[in-house]
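Next up is a structure, given as structure tokens.
As written, the chain order gives the labels A, B and C, with residue 1 at the start of each chain.
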Amino acid sequence: MRSAESALSAAHPAVPRPWGRWGLRATAISYLALMIVVPLSAIVATGFRDGLSAFWNDITNPTAFAALRLTLTVAVLTTVINAVMGTLTAYALVRYSFPGRRLLNGLVDIPFAIPTLVTGVMLVVLYGPQETLGAWLQARGIQVIFATPGIVLALLLVTYPFVIRAVQPVLLEMQKDQEEAAYTLGASKWVTFYRIILPTIAPGMITGVLLTFARALGEFGSIVVVAGNIPGRTLTAPVHVFGQIESQNPRGASALSILLFALSFALMLAVDSLERLRGGHDAAR
Amino acid sequence: MPHAEPRQAKPRGPLEWVLVGAVIFYAAVLLVGPLAAIFWGALSHGLGVFWRSISGPNARSALWLTLLLGAGATVINTVFGVVVAWVLVRDEFRGRKLVNGLVDLPFAVSPVIAGLMLILLFGRNGWLTPVAEALGVKMVFSLPGMLLATTFVSLPFVVREVMPVLAYAGTHQEDAACTLGASSWQTFWHVTLPTIRWGLLYGISLTLARALGEFGAVLVVSAGVSGLTETATLFIYRSLDDRNQVAAYSMAMVLALISFTILLLMELFKRRADEQ
Amino acid sequence: MQRAIGSQNTRGRSNGIFVAILILPALVVACGGTSGPAGGKVTLVLGGYTTPREAYGKGIIPAFQKQWKEKTGHEVEFQESYQGSGAQSRAIVGGFEADIAALSLEGDIDRIAEEGLITHDWKAQQNRGIVSTSVVVIAVRPGNPKGIRDWPDLAKPGLNVLTPDPRTSGGAQWNINAIYGAALRGFAGTPKDDPAVSKQFLRSVFRNVSIMDKGARESITNYEKGVGDAAITYENEVLVGRQAGQKYEYVIPRSTILIENPAALVDKYVDKHGVREAAQAFIDFLSSKDAQRTYTQYGLRSVDPDIAREVQSKYPQVEDLWKIDYLGGWKRVTKEIYGPQGTFTQIYEQLQASR
């Protein structure tokens, strides 16, 4: 994904054309106001409708709290695994030639295109207790669907491309010479990795990690099929929000939603500032 | 400056082979396994059953509704997305950074929250319900609300893909066209649009993929009336309830195939955009 | 960086692509608009709970359509939605324009009436507005490996019991009422008429509940996927499942509650859509012998005594069958069991805190 932040800072104002400019600006702002600001205000207003203490209770009552804790836990787990495997995958795709490399590179983007519900259904088909693989695992005491591993699996699937696609361009741009130089100077592969490669790809990794985490917080479609509704064990925050909506508790649903998207939004802003920093760094080179 | 892609080398030594092996294993288990499973699930009862499942009236109308909502959301987001991208890149005004931040919001919002927003606005005691009723439009539990929800969740893509391309291209050509006497519309159509063509197409394909796959928001906002307000994703969800696993898996496979097609287009557009 | 200005042809072609890409979807949208009502054709919107979707979809609605065609010469089209009874009730209140609400329990129809959407006295209809009945049973695996014979067995430690979420599912509420009521009546190995002990018993059963799905149907399909040892559910849910080829068995407890399912037309939407005649005909049809017989073909018990006699062999007698009145009626139950300080609410919060 491109850096929109650097686009913003690199913008050149066009030759002023009064009527057109005002018309366009008005259109853009009204569109965003209607589509984003108004819905947002509705949620914030509803969440705080009965005051701060009600809001606090809505997000700290046992079920909501357990759901939040579970969501954060699986998000962290997913992010850690994705950070490691995503970086390794990006590295393998960029540096090595191996059978199936091209195919893998194409497959990476699949989670961007596939509906999340289909992702969940795929996991149920593969790991459901009555399917052969699922039954085999269950006989050995490993439960995937309707247990936390299923949730993490679903999240790993939907966030698969994030770290990979954030790190790949950085690796591609990186001068291979640096790596070769360090290696010929006698540095071991590990030292090369830690001192040369890791610092360079760190910004990309961090971007990917933040995006993964933000996405994992809000994931719904795949989880609603693979997870049960056990508070504390398989009930995630978005699914709980859904339950609150269905139980005609818009205030509770809004309160939890505010927390969730405030967190995600903060992460996205962090990503944007990182891109801006990197954009500046790149421009200086 | 475009970089030549570094040539890949074969892995040397056991460590590197293990690394590659781990990467391939991870991708196989995570990605390929479930994909293969859905194909197997849909086709394991034979092609005839598969075909019957997705050609029934409910399935057909669900697919049609999905395409309809996807197309509608894509058109809306393309038109307004280009406008927003233009304004954010070419125009200067106070609060531009804030407006820019707003565009990212749909990424940060879980789909059910998007659905909740619409219920709060257009439900029984919604803020905008009087407006909708005055206009005679039924929003929640009906198609317009589902369209709005789908448009919301797929909003940022066109903006985010067009902005960098627009910025990168600069205004030289546009200024040149202007001095040559071209009107704003001519400038846009003949100069700007071709410039942003590939980035725009990439953004459109991302929008479409996202819109076709929407589930959480429409689940909240629609009553799931089969044949009327049931999208392909809702159809899958309901089929699982109806104990009709084959129908669910078959529709899932159809959606997966559509996604692959869009994915291929995405890759094509992305490559062209990167080349520019 | 100056980009070479391409030839007019290439630019024209790429612009053409744009036009196509934008117009094509717009055409799709335009052509996809829903067609207006055909002359004489009536459309009825049915908002039902999850369990009777086969009964209505495959049995009652086709039968009614045939009858309507014969009587008036016109077609009647149905649009059906099925979800958890509570969720459906709230959807109708929240703006889902159902002409007919066929829900799991009185309280969910009352909610619609209280919001002013039902203005006639729906309980004055035949059979107090009840169109079908069932009983709460326990579904078990083939061969009943865990040896579940009655309510007390559900409290056995280590058992995994499925039941839906009472906030959205009517079936879930029937289930909880059944357990609590049976305990109060002394059929759960507990002394009779002792609320505290009965509450304890309910709690011990729910300690074994790990997943609470949104609706009765979701719950039983979960069970069919291999999750859980036993599922508390409607008798008709089990029967429909077995009709669909599922191989579980079920146990009718010695004491259980009679589930009474109401149906009513929603005045506000019926008048808005102008379908009162057809809607009233449908409601009347539900009490007819034809419809009642159809209900029994899809696992539901009939309110008509003649039909009930006909199918007695399929629907065994229950030793101690009682109704919601025993617990004081739905209004009292809604407050005392499911209210903010309700018996079940307290149990639920206690169990969560301890998990």
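Convention: contacts are C-beta pairs under 8 Å (C-beta built on N, C-alpha and C of every residue); 3 or more make two chains touch, one makes a residue touch a chain.
As the structure is a prediction and not an experimental result, all values here were calculated from the model.
Q: May I ask you to sort the chain touch graph into line, ring, star, complete or other?
A: complete
Q: More C-beta contacts across B-C or across A-C?
A: More contacting C-beta pairs are found at B-C.
Q: Could you pull out the chain whose C-alpha mean position is farthest off from that of subunit B?
A: Using the mean of the C-alpha atoms as each chain's centre, the farthest one from subunit B is C.
Q: So how far apart, in whole Å, are subunit A and subunit B when each is placed at the average of its C-alpha atoms?
A: Subunit A and subunit B have C-alpha centres separated by 16 Å.
Q: For subunit B and subunit C, let me know how many angstrom lie between their CA-based centres, rounded off.
A: It comes to 34 Å between the two C-alpha centres.
Q: Per the centroid of Cα atoms for each chain, what is the distance between subunit A and subunit C, given in Å?
A: Subunit A and subunit C have C-alpha centres separated by 36 Å.
Q: For subunit B, write out the residues touching at least two other chains, lowest number first.
A: Expected reply: 119, 170, 240.
Q: For subunit C, what residues touch not just one other chain but two or more?
A: Touching at least two other chains: 94, 224.
Q: Residue numbers in subunit A touching 2 or more other chains?
A: none
Q: If you look only at subunit B, which of its residues touch subunit A in the complex?
A: So the residues of subunit B touching subunit A come out as 3, 5-6, 8-11, 15-16, 19-20, 22-24, 26-27, 30-35, 37-38, 40-41, 80, 83-84, 86-93, 96-97, 99-121, 126-128, 151-152, 155, 159-161, 163-168, 170-171, 174-175, 178, 184, 199, 206, 209, 212-216, 219-220, 233, 236-237, 240, 248-249, 252, 255-256, 259-260, 262-263, 266-267.
Q: Going by the contact rule set out above, which residues of subunit C touch subunit A in the complex?
A: 84, 86-87, 90, 94, 165, 167-168, 210-214, 222, 224-227, 349, 352-353, 355
Q: Within their complex, state which residues of subunit C touch subunit B.
A: 1-3, 5-6, 10-11, 14-15, 17-18, 21-22, 24-26, 28-29, 32, 34, 45, 47, 50, 53, 79-83, 91, 93-98, 215, 217-218, 221, 224, 241, 244, 246
Q: Taking the complex as given, what residues does subunit A use to touch subunit C?
A: Per the touch definition, subunit A meets subunit C at residues 62-63, 66, 124, 128-130, 134-135, 138, 145-146, 228-234, 243, 246-248.
Q: Taking the complex as given, what residues does subunit B use to touch subunit C?
A: 64-65, 67-68, 70-72, 74-75, 78-79, 119, 122-124, 138, 140-141, 143, 169-170, 172-173, 189-190, 193-195, 197, 200-201, 204, 223-228, 240-243
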